[in-house]
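Listed below are the structures to be examined.
Consider the two complexes below, in which chain A is the common component and chain B and chain C are the respective partners.
And now, the complex of A and B:
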């Protein structure tokens, strides 16, 4: 079982790596979106390995189901087709800055992670879904209500932003 | 290497990919995709830390749910902003959307 878990972890890590490279490196935005979806599936697999099936389900439902559709709408509404804005290669300076921006936190954080490893369990315990529901309705009630207010405000704000322009025409 | 370290390294990889993408991309949609990558790394890191150490597992999972909800709200707003920008400027290239007032 131990070996099988390691193999599954390596497979999911490779899926995440490939998807992330496609998501940030592809010159076509639709392909980048496919890369993002692949990455999200890989992270859902990681959640399953961590023994949190509810989080894996929510990952697929919220990210793959809702966020990716929104990004796809953004791609369609701006006509960002394959020959769009990302097709021409960026100036070399931009790649250098991007590498610097990525590698600096990577170096610092990986040094901290490897220098001070925390003792970790080998087999994570599954939290029953009843506990999560109780947490939402008892201890973390305020956060639960606030996130619904944030979603409502974001939704009405989005409608308002897109509507005002149409009336002005 | 402990299991937690491995999960944290994967989450760090997602963060690095997102940071690289957000600097390198030249359109708003590409930057939105990079932000989603980074938020995913954050969620994975939180769940791994709460499941594999003695921390409160319920808090970790609900925290990640909160991150997911915020990501959905953020994607909605960014979609609206992208639509407005592309109507007003005719493009979503970040180099051309650089004026505050026309």
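And now, the complex of A and C:
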């Protein structure tokens, strides 16, 4: 089982990495978005590996089904076909700096993990959603409500922005 | 290890069976739709290939498979061909938690409803990709409409599904079915008639079916997001649309109409009868109602369906708390 879990982890990690490379490397915005979606799928797979299918499905429902669709809509409005001057290849120096910036945290993290390897844990118990709901409305009530306040502020901000523009016209 | 092997075999066999079911249904529904359309318009419909044209869908399918696949000039080929695949393959997953019968479920998932809702969202993305990658203004307009429509209609759909989930206390479709009785007055439609109507309208909106088929409105946008697709590229979108229709009808049957339970003898036949009745109604709607205008479409959703669904959910929660 442990080997299987490691194989699954490697597959999901590769999916995440592949998506990230596609997101960063492509000059077309929409292809980059496809890379982001691939990464989000990989993250959903990681949630499944942690035995939290609720989080995995929510990840797909919210990030792939809603957030990415809205990002796509915004991209479509800009008619970004990846032909502007920013699509030209950057100087080699810039690639080196970017590689350095990306590899440093990865190197530090992997050094620590290799130095103090963690023993594999058993598969965590799946928390039934009834328990999850009770936790959100009892133990973690304040955090839950605060998050909804954040969303409310964001939503009213969006409405406010749209309102102002309509008055000007 | 043995347990994993049997589970895997079950899932693989289930997915193959689902793929066969989707393909066969494509043929049946194409015939039903064309024949239905014909009779609604006082003409016989397909009549030449086979008796009463029954072999017509096979001829259509062969024609689609035989056609040349064509990528338009200046289109992004990777995204252009990714879109039909992305539209069709996730749909097969949606059949996994559907309870066709007491034991006839590919895989009973505790969060079955959520799984269906999560993977159904990918279809919108596929339509968007198709419209954008075609490098065609009709395609782009169709994609823009698809996103506005699906994002809007998903909300009342979710709210009605939530009302049933509140009532049943579970997201497992099999459990929801087993909580309902065999006779029509023991089904959820009796306690949630408003939710049923809202679900049905939003489902038409989600599956891009007439009168809400604005993303592919042929009188305005040629064929909307799939204007540029030939052969099986178009075929994939087509199959995905019919498969999505079966899924929304299947979920509706499980949530509101008692699933595989029915008078006298329970079994998968009741499930199929109800699903096909709903599909028939969808075809009937298509050829009865004219296409709505886009502002009307959004107004119906935001000004009627959404408040009604919210009220229905609040009412359900209130009654659940009181009783």
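Worth pointing out:
Just so it is clear, the second predicted complex is superposed on the first by the 143 of 169 C-alpha atoms of A that agree within 3 Å, B and C clash if a C-alpha of one lies under 4 Å from a C-alpha of the other, contacts with A are read in each partner's own complex, and residues count from 1 in each chain.
Methods note: a contact is a pair of C-beta atoms (placed from the backbone, for glycine too) under 8 Å apart; a residue touches a chain by one contact, two chains touch by 3 or more.
Just so we're clear, the structure is a prediction, and the values are computed from it rather than from any experiment.
Steric overlap between chain B and chain C is absent once the structures are superposed on chain A; the two fit side by side. Touch criterion met: A:47 reaches chain B, while chain C stays clear of it. Between chain B and chain C, B touches the greater number of residues of chain A. Once chain A of one complex is fitted onto chain A of the other, the partner contacts of A:32 are limited to chain B, with no touch recorded for chain C.
In the superposition on chain A, A:57 makes contact with chain C only, while chain B stays out of contact range. By the document's definition of touching, of the two partners only chain B reaches A:113; chain C does not. Of the two partner chains, neither chain B nor chain C is touched by A:11. After superposing the two complexes on chain A, the shortest C-alpha to C-alpha distance between chain B and chain C comes to 15 Å. Taken together, the two structures place residues 54, 58, 66, 70, 73 of chain A in contact with chain B in one case and with chain C in the other.
Taken together, the chain A residues at the contact with chain C in this complex read 4, 28, 30-31, 34, 37, 53-54, 57-58, 60-61, 64-66, 68-70, 72-73, 76, 128-130. Against chain A, in their complex, chain C makes its touches with residues 4, 76, 78-79, 82, 109-111, 114-115, 117-122, 124-125, 128-129, 132-133, 140, 143-144, 147-148, 150-151, 154, 169, 171.
The residues of chain B lying in touch with chain A in their complex are 1-10, 12-30, 32-34, 36-37, 40, 43-44, 47-48, 51-53, 57-59, 61-62, 64-66, 68-84, 86-88, 91-93.
The residues of chain A lying in touch with chain B in their complex are 9, 13, 16-17, 20-21, 23-24, 29, 32-33, 36, 39-40, 43, 46-47, 50-52, 54-55, 58-59, 62-63, 66-67, 70-71, 73-75, 77-80, 84-86, 90, 94-95, 97-99, 101-103, 105-106, 109-110, 113-114, 117-122, 124-125, 127, 131-132, 135-136, 139-140, 143, 147, 150-151, 153-155, 157-159, 161-162, 165.
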